[in-house]
Structure formats: C-alpha cells, structure tokens
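Structure in structure tokens, see below.
Per-chain numbering from 1; labels A, B and C assigned in written order.
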Amino acid sequence: MRVRAMRKQAKPLSETPETPPDGAGRALHTGSPSTPGKGTVFSKKRVRSARMMKDSLFKVLLAVISVVIVLPFFLILLQLASAGLGEVLGSGLGQGIQFIDTNPGPGLRGGILNSIVGSIALSALAGAVGIPVSVLGAVYINEYTRPGRVKNAIEFGADVLAGIPSIVFGAFGLALLVGGLGFGFGLFSGGVTLAFMMIPTILRTTEEALRAVPVSLREASLALGATKWTTTWKVTIRAAFPGIVTGVLLAFGRVIGETAPLLFTSGNSLGEPTSLFGPGSWVAALPYTIYLYISDPRDYLKAKAQGTAVILLIIVLTVDVIANYISRKVTRRLV
Amino acid sequence: MAPKEPQAAKGSNMDRIEGPRERSFLERLIESSKSVLKSAGSLLVELRHARGAARIDIWGRIGLFIPALAGVFIITLILSLLMYESAPILLSPEGGPGILVNPIWAPNQGQFGILVFIAGTFMCSGLAIVIAIPLGVGGAIFLSEFCPHRVRTSLRMVIELMAAIPSIVYGLWAFTSLRFWVAGVGESFLGISLNGLSLLSGSLILAVMLVPTVVAVSDDALQSVPVTYREASLALGATTSETARKVVLSAALPGVGAAVVLSLGRAVGETMAVLMVTGNSLQIPLTLFDPCYVMTSIITNQLGTAYVEPLWRSALFSVALVLMLMSTMFTIAAKLFIRWGMKTRGIK
Amino acid sequence: MITWTNQIEVHDLNTWFGSKHILKGISCYFMDNAVTAIMGPSGCGKSTLLRTINRLNDMIGNFRMTGKILFEGEDIYSAEASVYELRKRIGMVFQRPNPFPMSVRDNIKYGPKLHGVHDEDQLDKIVEHSLRRAALWDEVKDELDAPAPNLSGGQQQRLCIARALSVDPPVLLMDEPVSSLDPISAGKIEELIVTLKEDYTIILVTHNVQQAFRVSDQAAFLYMGELVEFDETSHIAEAPSDPRTEAFITGRIG
C-alpha cells in the first residue's frame, strides 16, 4: 500500500462564513462551534447528556411494560394449574381420565364428556358449513376478481363481519335459525351460528395464503396450456394449502372457545347429542358449561369450572400450537 | 350563422368550460349495474361457445361467485333481521328512538331506556382502551426495536397464546382473582367493603384481553418499516429510542392506528369476561368501583326470558342493532384511517 | 495545542463481522474540502469502511474493530466519544434514496430538531437553505408539505442530501449515491457533489471507475479488504502503481 505524502492544511472550522446568500456556503450552524486545535465533541468531560438519559429511561419503561403485559398470562396459568388441575387430577391420572370420560351425574358431579363431545360436534358442523363457503369465496376473490369495486365490496363485507360482536351473532342465530326458520335449539342452530362466525376469519386467512403464492407459479401452469380452473385447483391451492389449513385451525381454535353465540342457540344437555334437530340435538359446549358452573352458587361447581377451563385451554392451545407449527413449516418451503 | 362555441352571454352561467359532470349516486349505481349486466351477458355468450375444459372454467367461475358473496349476504341478513326485530320498540309510542337517551330500564313497567347500557359500554371500553393502547403499543415497540432476538421469539409466542385464550377463561380468572384485588384497592380508598364487581374490573380484564392483539398487529406494522429508515435516522445522530418514536412509529402509524380502532370495536363487543365482573347494576357508575352494565351483558342476561315479550325482546334487539352499527363504524373508521395515513406518508 | 492536518484519519483499521475479516490494515486520510473516492469491486469492504467512520456498524451485534479513526484529532471509538455528536458532524447519504415517509419539510426539519433547534423560523430557514444547497429548492418549494416518497428517484436522493446537510456536517459520507438512479439524475447529482466540495469534505464510495475519475480529487482503491492504492485521482488515472489497480480501472476485474 502506498500513500503519497499529500498533506494539505486543513481549513479551520472557525472560518465558516456567516448566513450565506442564496444557498452558497455552509448552512446556519445548529450546534456547538469549534476552534481549531481543540477536540470539539469528544472532550473528556463529556457526560451523559439529557438525551442519553431519556433514551435509557424510555427503554427501561418499555421493558417494564412488556413484563406487565405478559404477567396475566402466567397468573392465569398459575391459577388454572392450582385450582383447575387439582380438580381434574385430584387423585391421580385415573380421576383425570374419569373427568374427561364421563357425563355429569346427579348434582352435576362427575365428568364433562358431554361438553367435550358437544364442543367437537358443534365445531365440526360449523366447519362443514363454514369452510367450503369461505375457502371457495376466497378463491374467487383472489383468483377471479380484478381490483375494483366488486372486490372492494366483498372484502369490506368480510371485514365488517369479522368485527361484529359474538353476542350479536347469538341474537341473530336465535332470531333467524331458532325462531324464524324454526330449527329450534340444538346442534344445527348452534353449529350454523358458529359457522357464520368462522367465515370472515377463514376468508381472510385463505385470501392471504393464496396471495402468498407467487404469480409465476400460476403463469407457469397457464403457459403449459392449463385452464384457469385447473391451475387454481391443481397449482395455486395446492401451494397455498398449508396456509389455508393453518387459517382453518386457527378459526377452529377461536370457535371452540366461543360462548355467546351458543347461549341462545344450542340449548344444553347432560349427555351427547343424538340428532341434528329437535330436543335430541340439544348440546353442551365447554365454554357454556364453564359459564354455567361458575354462575352456580354451589362451590364444588365453581371448582369444576376451573377444571373444565383447564381442559378447554389445553384443547385450544394445542390447536393453535399445531397451526403455528404448520405455518412455520410453510414459510420455509415457499422461500 | 350561429357560432360553433357557446357564447357566454352576460350574466349567464356558462362562464366556465364544462368538464366531466359530477355524477350523482343514482347515476353511478345505474352505471355499475349496467357494467355488471354487461359482463354477465358476455359470460353467458362465452358459455355458449365454449367447449370442454373452457366450459368447466366458466361454470367454475360462476359457481365460485356465490360463496364469495357470503360475507356481504350475511351482513345484509343480520342487519335486516336486527332492524326487523328492533322495529317494534323503535316505532312504538312506549319507546321510539327516545330509548337511546332514556336512563330507566324497567321492562315490567314499560320503560325501555337503554342509555344505561350505552353509557356503561362507553365507560368500560373507553377506560380499557386508555389502559390497553399505551401498554400495547409500548410493548410492540419494545418487541420490535429493542428486544434481544432470543427473547423476542418467546415473548411473541406468549403474546400470541394470550390472544388465543377464550374470553370465558379470562372471565373466570377475573371473577375468581382480579376482582378481589380490585376490591382490596377499592376498600383501602373508600373504606367500605366491596365485592370487586365494578367498572374498573371490567375495564381491566378488557384491557388484558385487548393488549395481545394490539401488540401483535403493531409489532407486524413496525417490523415492516424498512431498516433503511432507521439507518437514515441514526446517521443523523438520533438515539435508537428517538428513531423508534419519531421515524419507525410514525411510519407504521397506519397499521398501528388501525389496530387501535379495531380493538375499540372488540372492546365494545366483548361479552363473557365483562359480563362476569361488572356487577350488572342499572345505575350509571359514578366511581371506578361502582358496578356498571354494558350492552352485551344486558342482552346475554335477559334475551332468554325476554323472548316471549314482544317489546322487551325488541328493545334488546335494538341494543344488538346499536352494537352492530358501532362495530361497523369502527371497521370503517379503521379503513379510512389506514387510507389517510398511507396517503400522508406517500406509501402506495 | 493539537494541530491536525486532515479532518479524518484512519490508522491501521481492521474490522470483523463475527469471524469474517473484512477490512485489513487500512490506513489513509481524507482531504478537507475535497472529494475522496473509495472505489473497488462489490463486496470488498467499501461500505463497511464508510459505516465504520460514522459508527453505523455499532448496530451490528458481531462487529469488532481494531485500529484508530481520528476525527478532528480525536479517536471516535474512545469511551468519551459521543456517537450522536459524531453522526451530527459526519453525515451520510445511502445507496437507495430513503426519505422518511413524511413531508419534504419534515424530512429536513428532523435532524435540526434532534439537536436542539426548535424555533420555527430558524427551522424554515434551514429547510430552504438545505434544499438550495442540494439543488432541489426550485423543484419542491411550492410543495414542501407533500409526502417525500412521491418525488422521483433523483429528487428523493437530492432530498436525502439536503437532509444530511440540514445539520451542517463538515463531512459527508456517500455510499454509491447514484447507482440506483437513471443517468440524467445521476449526472445532476455528480455535478452537485462537485459544487458541494467547496464547503464540505466528501467521501464517496463507488464501484464505477469513470465516476471516480470524473468527480474525485483523491482516490483509494480497495480490493478484498485491503487498501491497494491511495493517491491523487489524476495520478491513479494516468499511472496506477499497482497492477491490481490497473486491472480494476481498465475493467478486467470488477
């Protein structure tokens, strides 16, 4: 490495001209002036300035906030572990299995099988109705519409639907399904009401999954002579499939935990549902059962509510963890 | 011979050159319907001529169109049904639109004032938002800008799990723990014995439930701000916290703001958790430790018994209608906010 | 009394990202009120050198350095140094224009506000002055409140230059400022750089040899992290002393 000895006298900074005319020369100075021969900014006595204090304070405040935010999570888990797990596993795994495996008996003592089966049945029906509608709808919106008024209207509809309170769905289900169309309380009314709630969620997640599929995949298929229909089903949806499944699972997770829509539509039962309509279709659900037990003055039922909550939480969190796992595996594939 | 261009006579209103006319709403509606019919028509023509795979293509397109409308269809259905069910009370002499400002709810005496519930919802949600937004946005900024990488993944996972917990479980915890702490605080302030079922308990559990979504959405918005903005800010001599506040947060404001507005919508519509800890009293609360009654709770508590009483039931449906209109309003407000935010930032 | 002859001096600088040794024993200086070009093929460490000067590499977790960089005679990595003051006095323009998603006016006000200027009149004067210096004033003066990203690429980059100038730094670091622009905008900015050097010390990173020859007074050729040659531009252009330099400027490597 060679350096030509080119030393030129530095222009002392104090020679900076004053307010320059029309943009020539250096700007109005905004900070500390300097004199040649003296370090300006790095003087040894530089102390933590006010700005640096503000910086540290801000970060500490945010860290505290973050702790406060997650605190309830652990408090809830703690309480459920102590009160709820005790109820479920009081005398060991055997009692735990019994809790899941038997229906409530006299005085509502016993297990919660009715609620578990009921929740599964309701979610299954909700999915059977809701998934086709939303997935197919999302396919149409994403693949067949151009950005424009129709697309905006449809997406607006889905967004509004997503924001509607769950109790409004419950009242709606009561008025339309139970009363108006005469389906009565039970599995069908409850399931379809839940389906209405699932639709906007699955619509949005499916749309996102489809959008994430690169355009070049579709183009490659069309370039080979396939029709749009074939392309959509054999290429696009296949590529988006994990994303769609994730969305569906997340929607299930939400719907299993919903209480309000079921209060006026599903009836309640101490056993499993035996039919789709009529009195045999009255069905219990985990969140509804929790609500009933905790509202009951009998103390052992309050304890049972905690136990039921443990089961519900386990189911919901498992579904969500699976959904997240699938979605994480996807991101690696398409990239 | 008449001149080709219209001569502006003195005082006439042809002073300016006519550009494209502002079309009225009706005209635009007619135009849209015309273009929709045209495309439907051309679709049918295609259908006639197409064979084989192309035919399946077109049928498929028509077939998919129907579920796509599901969202709009359901909303229209809900809206119509709610309006239908609310009509009796809103049109009856005993109620009318005045129920919105009538503070007395006593269905057995023909009083159907729903003001108590509207006020209750406003106060409870309002307080919840005031608590949840600073915490949520602050947590998101920490997560996005300052959190060490390994902590970030775990923290984010906890937040998402919190968002997944059903509201009944939050309600259960609030009923068995949170409200007793609130009672304790209240007792030391007011010196009387409390059970903790209050406005404050409701707002607190609501805030706890809102924060995770606010954090997650805001974090996503902050993460999507390009790194180069942060670099430019640092290169000008800003600290990392100044950069986070003045550049990153400002750039992400459309997303963050939308999260805020949407969580307001969620707060208003939350049912189970709030139901269990607000005390459900028919007075408008005067202090934080007074019980309150929110719109979602009155429907939950009384719709079952009210179903057979036409006016009572109608009044409750009118509450549901108000709820639906409010949540729709918030959704629209969120979208408008995003549009405004992106325009002023020049983001496409 | 300390005298120094050049504002920025680099003494035996070595940098690592983790275990990757990026810059190897760099020693050079940057002449005042002149344009020094740092040129070399992609990936040879030019940007790293630039970012080490304004300590932007501090943000990268596994960055390590040995050696000294002196600014106005003081070690910028010493414990007493304030990185915020350093960056106020050494400005940077990036390869891709990155105006903040705010109005043009707010973009320029950002820097001065950070450093204590709050008087609105003074801020407005700074806005006008910076935009004039960056040869952008006439084009945006009627739309100072329009969002900056709505400007064209060349205008955005000039805005970034104006923004860097808003805090009046004696030194300007420019990391390939025109490589993402069309030739006409690039040309305008090159002219701008030549006029700016009367009042600022400019360090310009470029992979474009012709640009270095057009614009700079002094040039450093970096190859694989080593400073191969460092001389007046005219000398390098006419008679490079190192065969690697010659290979680069004739286009055989790059």
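We adopt the following convention: a contact is a pair of C-beta atoms (placed from the backbone, for glycine too) under 8 Å apart; a residue touches a chain by one contact, two chains touch by 3 or more.
In this text the structure is predicted, and so the values were computed from the model without any measurement.
More C-beta pairs touch across the A-B interface than across any other pair of chains. Centroid distances from chain A, each centroid being the mean of CA atoms, peak for C. Centre-to-centre separation of chain A and chain B, using mean CA positions: 16 Å. Taking each chain's centre as the mean of its C-alpha atoms, chain A lies 45 Å from chain C.
Centroid to centroid, with C-alpha atoms defining each point, chain B and chain C lie 47 Å apart.
Across the assembly, chain C contributes 84-86, 88, 111, 115, 166-167 as residues in contact with two or more other chains. The residues of chain B that reach two or more other chains are 239, 242, listed in rising order. In chain A, the residues touching two or more other chains are 51-52. By the touch criterion given at the top, residues 32, 36, 53-54, 56-57, 60-61, 63-65, 67-72, 74-75, 77-78, 81-82, 85, 134-136, 138-139, 141-143, 146-147, 155, 157-162, 164-173, 175-177, 208, 211-212, 215, 239-242, 245, 262, 265-266, 268-272, 276, 296, 299-300, 303-304, 307, 316-317, 320, 323-324, 327-328, 330-332, 335 of chain B touch chain A in their complex. Against chain B, the residues of chain A that register as touching in their complex are 51-52, 54-55, 58-59, 61-63, 65-66, 68-70, 72-73, 75-76, 79-80, 83, 132-134, 136-141, 144-145, 149-150, 153-154, 156-172, 174-176, 179-180, 196, 199-200, 203, 227-230, 232, 253-254, 256-260, 263-264, 287, 290-291, 294, 302, 305-306, 309, 312-313, 316-317, 320, 324. Of all residues in chain C, only 54, 56, 59, 84-88, 91-92, 94, 96, 98, 100-103, 110-111, 114-115, 146-150, 160, 163-164, 166-167 touch chain B in the complex they form. By the touch criterion given at the top, residues 226, 228-229, 231-239, 242, 246-247, 250-251, 343-347 of chain B touch chain C in their complex.
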